[in-house]
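First chain written, first letter: the chains are A, B, C and D, and each begins at residue 1.
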Amino acid sequence: MSQPLTKVGIVGASGYTGEELVRVLARHPHVQLAAVCSRTLAGKAVADEIPRLRGIVDAGLLFSASSPADCAASDVAVWFLALPHGVAAEYAQPLIAAGKRVLDLSADFRLRDLALYKKYYGHDHPAPALAAAARYVVPELQLDDAWKQAQLIACPGCYPTSIQVPLVPLLRAGLVQPEPGRLIINSYSGVSGAGKKADVGYLFCERDSSIKAYGIPGHRHIAEIEEQFGVAAGQPVVVQFNPHLAPMHRGIATTIVVPAAGVTAAQVEAVWQQAYAGRPFVSVLKSGDFPDTAHVANTNRVAMSVVADARTGNLIITSVIDNLLKGAGGQAVQALNLLMGWSETAGLR
Amino acid sequence: MSQPLTKVGIVGASGYTGEELVRVLARHPHVQLAAVCSRTLAGKAVADEIPRLRGIVDAGLLFSASSPADCAASDVAVWFLALPHGVAAEYAQPLIAAGKRVLDLSADFRLRDLALYKKYYGHDHPAPALAAAARYVVPELQLDDAWKQAQLIACPGCYPTSIQVPLVPLLRAGLVQPEPGRLIINSYSGVSGAGKKADVGYLFCERDSSIKAYGIPGHRHIAEIEEQFGVAAGQPVVVQFNPHLAPMHRGIATTIVVPAAGVTAAQVEAVWQQAYAGRPFVSVLKSGDFPDTAHVANTNRVAMSVVADARTGNLIITSVIDNLLKGAGGQAVQALNLLMGWSETAGLR
Amino acid sequence: MSQPLTKVGIVGASGYTGEELVRVLARHPHVQLAAVCSRTLAGKAVADEIPRLRGIVDAGLLFSASSPADCAASDVAVWFLALPHGVAAEYAQPLIAAGKRVLDLSADFRLRDLALYKKYYGHDHPAPALAAAARYVVPELQLDDAWKQAQLIACPGCYPTSIQVPLVPLLRAGLVQPEPGRLIINSYSGVSGAGKKADVGYLFCERDSSIKAYGIPGHRHIAEIEEQFGVAAGQPVVVQFNPHLAPMHRGIATTIVVPAAGVTAAQVEAVWQQAYAGRPFVSVLKSGDFPDTAHVANTNRVAMSVVADARTGNLIITSVIDNLLKGAGGQAVQALNLLMGWSETAGLR
Amino acid sequence: MSQPLTKVGIVGASGYTGEELVRVLARHPHVQLAAVCSRTLAGKAVADEIPRLRGIVDAGLLFSASSPADCAASDVAVWFLALPHGVAAEYAQPLIAAGKRVLDLSADFRLRDLALYKKYYGHDHPAPALAAAARYVVPELQLDDAWKQAQLIACPGCYPTSIQVPLVPLLRAGLVQPEPGRLIINSYSGVSGAGKKADVGYLFCERDSSIKAYGIPGHRHIAEIEEQFGVAAGQPVVVQFNPHLAPMHRGIATTIVVPAAGVTAAQVEAVWQQAYAGRPFVSVLKSGDFPDTAHVANTNRVAMSVVADARTGNLIITSVIDNLLKGAGGQAVQALNLLMGWSETAGLR
């Protein structure tokens, strides 16, 4: 291959999303994983600290503790930020100023409405100018190529990905009417969604055999879901979003109920087929088949289907993703692939 | 204790519900577990075939293969039927004719409307006269003691139990308006809900890490939910019921969304507190705390709470049970305790 | 029942073993659970902090923060200590001085040889005089009733229980020759064995799908195993003990290989049958049937069996227990039952 | 890439090993997956029947029901047989006669001593001449390239792979003395090792939370382990092999105890380092670090380490693999890569 590799780096590589990014990028045909940063693990070997990466990264690859300034000064062209919100913006600013491409997996640049940011995150936005320049990108939902010019890509949250892929095309097509309070979304997430935190609540013995709701009614992901839905529908949309924890490592299962208002399952499927024709990561299952988190684990795929319930007048839409790939690191790499002009699936099959 | 023990028997004791009934009844202070029947395991020792019962039943206790006539002719006063629908009726008829008390855990006697039975179960009801005489009993939802005279008790399904305990008092009080299609119920069940069937779909390797919907839109439990809700509301009720499988042995987690229509969480809680005052198996958690299947595993309890979502105008109610106890065998024993005048918790703590 | 209830208390009730003790003692027919102490949770309701205990303890039961002096001054007659080693001794001393009965679940009083204590625990024994007075009690292995006079009972560790029940009778009978290095013990423990610690290593996402060895070759439980084996065999015994973590909440599975030296499976079984005749918590399975951790979960039982391998000249002994019951709190209550003259199974069925 | 793709086929593709072979071969850079055969699923789409393969194989790829003669007559050059023993031989004979390359994952051609085959498999070997021509191949253990000429490759069993990789170099180097009955091997396998069988024993509810031994003392894998060890040691070797089931989808954890006889951990490591220098799939962890099944899941890797126990005079060796990859399909592809002169890791990273 004569094309030179693109140098990429990851900041915040010690968590579950960071691990997944390392796994994907280390095997990606068009990139060189040139920097893997973690303040807490700096100087240690990646494969020692995250043994699931043994054999995937070189044994000699070390975590570095690069500061924002260090990252900006390096020759790494593309940076993935797998950092807590707030911290991500501290890195994004010098990196963008230095001309780097940034794919941010935090919540810092997902919202255009910074009042919404303040409401859901509890403080003023740390970098308003940058927020205005960022693009929120679910790759399959982009209507043209303008986003590929964005220097700063805001990667969607895990729940929002599982929700937008089925619903945005329907909102755009007017098949789903956003009546207030009638878009009912229940999502069930694997425990890795909570991150790699030393917290009693995420111990094996607490989460085994456990399903429970949490964060109702004000989960932060509502902000980006509703903002994106508003754009898609051309009017404000209010969603009922109920997140839950489920006893599995990875995966999100989302079940959506909306009034059918005369729309049939076939019409929904037709919109999906058109919206996702040729897209390698979206599977529309036939009505009556239901997607299964186990079937998309360790993939960048979305699987989904729709059922119309004649008795209730509702459409029931179910979708599944792997929260760490399509819901985080995989989708970020997918975006990079597209904006660089590489195959959409490079590194992701 | 001078009171003589009541002789009880179980037909269909080889499955997961049967096992749970054996476990509870073998340690129950007021009964003698006099017969444990299973055609497939007849003549074998219960503790050998179901090793989780070792130490709970006598090593010498054998499965018997008693026919309906044998059971009817025996001196066992109370029979629990843990049989497939259709088969249960074959036993219930001679047992009732012989004056036995029968607690049926199948679907055979849950419905008053036998057209509904035919619609959901695909054949004419096998014993219409008996169906008319049966009482469907969630113990906490009985308004008076008339049910205790019933010779044949229809024990509710697992999903319906997790749904009726939170909702029936609200429907009765008029706090929930049964607008068509707006009672949205998502339930997630442990794999034991599917029974002890040699089926590839329920293998460890298929269900591990897997959440998936199934049986939407026509799950059979809809019939009993809607019939009971109709009685509670005084008008027909149509529910959106979405069952799912979750990667755990036991437990059901139900999340219900209904329009609040001005009703507050406090009003819901007040109705619950009144309906369930003094009931030992119902816990109302405070709003913002969410019940967890792991917290009710191996108990006969229901835990539930409500949140009002001001943004959406909905109430979100979550409830959890152990599908094999409160959702099956435990609730059946609870009913027996009450109709015999024993402590409601006998054998169930 | 005319007999007055015995007041019991638990110190260190916030962990997994403490929870199990609360569960058992709250339902025990002969005791009143009069004190549940935890420094970290003092003043909070037990059923709120450990929701799995909801419905098992009174809603009003609070954790107290009693100091050693407070406990000694109270009218509670029997104390269970579910504390880290070192801390347990701080409580045991004033309690014993005040005439209380103490069942200690820590390692503080398991060893007679205090040099061994120092070697394995890294510091001088905190209460040597008390150590000399304590009795190490696996109830099934006591040869007479002298232990019942002990004021301080040292409850065995979880692994050692699963190992001693099968092996001690064989060592006593001389059926197993303790050749150096030839008693090979592999044990696999559920994650609760690690306690309720906020540690990344015990997160769901780290332990799911994971089996790994740890603590080889110097696990602390070796000390008590070898000391007890030495007494049983009448000579020093050295064991190869290999502990592992397994992806389950509770349970220990132990597999032991020893040279048969002409001993048959039938001879082993005969010794077991004699040693455990009438003991309610020990099941000897027939050779070729293998015990299963799932079959003893939530019980105080040991199940075990032996196979002779003619090709290798070895005996293979497998045993299983629930680490939190027979391996901790259940066995402590079993000891109390016996020394108080109650039914051995009181509170444990 | 100018090199033409090699056409490969799989017979018996409906099971867990078959699925894994499809996954690997569909993405392999040098092969074309030209035939995926299953009698039970013939005519159906692979991605419909095994939804975990959706997005990995073309939606149009169908299972075919090719007979041995059909396979032999096809233009597919290389066949993987993922069939039960006995059936594999029926395919291997015509395929070999037709000049095809065959990688057999069954037990049919693993043994040179056909009396051993009869002893462990209960019937005469179905194709003795072919058995003599087959090569048993753990790629890392081949001492020269002669095996690459074999037309029929017998792929090792899952347990034997986890056992031979650590031990064969030590037996060859004389570091482990094969004293009778003193090579003690305990292995713990994920449930997928039992195959995709509709059997109550492998249901989620039976295997969840369950560790149990099985098949002691005569598990069939003993035959190939001992035969290979005999060659490595230059004398007969008898092993104590104790297999167990563990509550996880995939993975094998093996713990081996052998008398050290003066050999140090460092000596063992030195032999391993030499034997596996440059081998991409073997990781030697430093003594005191223990390998973890979760760290090799979904990889073709072996991780292992050794500890010397001065107290017992034993070496304790622990190893882990993914039973479906390094223990089955992955290792078969690794063998193909090497004999075709491709990169050893092609399709396996």
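We adopt the following convention: contacts are C-beta pairs under 8 Å (C-beta built on N, C-alpha and C of every residue); 3 or more make two chains touch, one makes a residue touch a chain.
Everything quoted here is computed from the prediction, not taken from an experiment.
Enquirer: Can you list every chain in contact with both subunit A and subunit B?
Expert: Looking at subunit B and subunit A together, the chains touching each of them are C, D.
Enquirer: Over half shared or under half: which fits the residue numbers at the contact of copies subunit C and subunit D, same or different?
Expert: Both copies, subunit C as well as subunit D, present the same residues to each other, with over half of the numbers appearing on both sides.
Enquirer: What is the chain whose Cα centre is as far as it gets from that of subunit B?
Expert: Relative to subunit B, the chain with the farthest C-alpha centre is D.
Enquirer: For subunit B versus subunit D, what separation do you get between their C-alpha means, in angstrom?
Expert: Whole-Å distance between the two chain centres: 46.
Enquirer: Take the average of all CA coordinates in subunit C, do the same for subunit D, and state the distance between these two points in whole angstrom.
Expert: Centres of subunit C and subunit D (C-alpha means) sit 40 Å apart.
Enquirer: Take the average of all CA coordinates in subunit B, do the same for subunit C, and state the distance between these two points in whole angstrom.
Expert: 37
Enquirer: Listing for subunit A: what residues touch at least two other chains?
Expert: Within subunit A, residues 190, 206-209, 247-250, 292, 294-295, 297 contact more than one other chain.
Enquirer: In the complex formed with subunit C, which residues of subunit D make contact?
Expert: Touch residues, subunit D against subunit C: 180-182, 184, 186, 188, 190, 206-214, 216-217, 238-240, 242, 244, 246-251, 253, 255, 257, 259, 290-295, 297, 307-314, 316, 318, 320.
Enquirer: Help me check something: in the complex, which residues belonging to subunit B touch subunit C?
Expert: 27, 51-52, 54-56, 280-281, 283, 292, 294-295, 297-299, 301, 303, 349
Enquirer: In their shared complex, at which residues does subunit D touch subunit B?
Expert: 16, 190-192, 196-200, 202-209, 247-250
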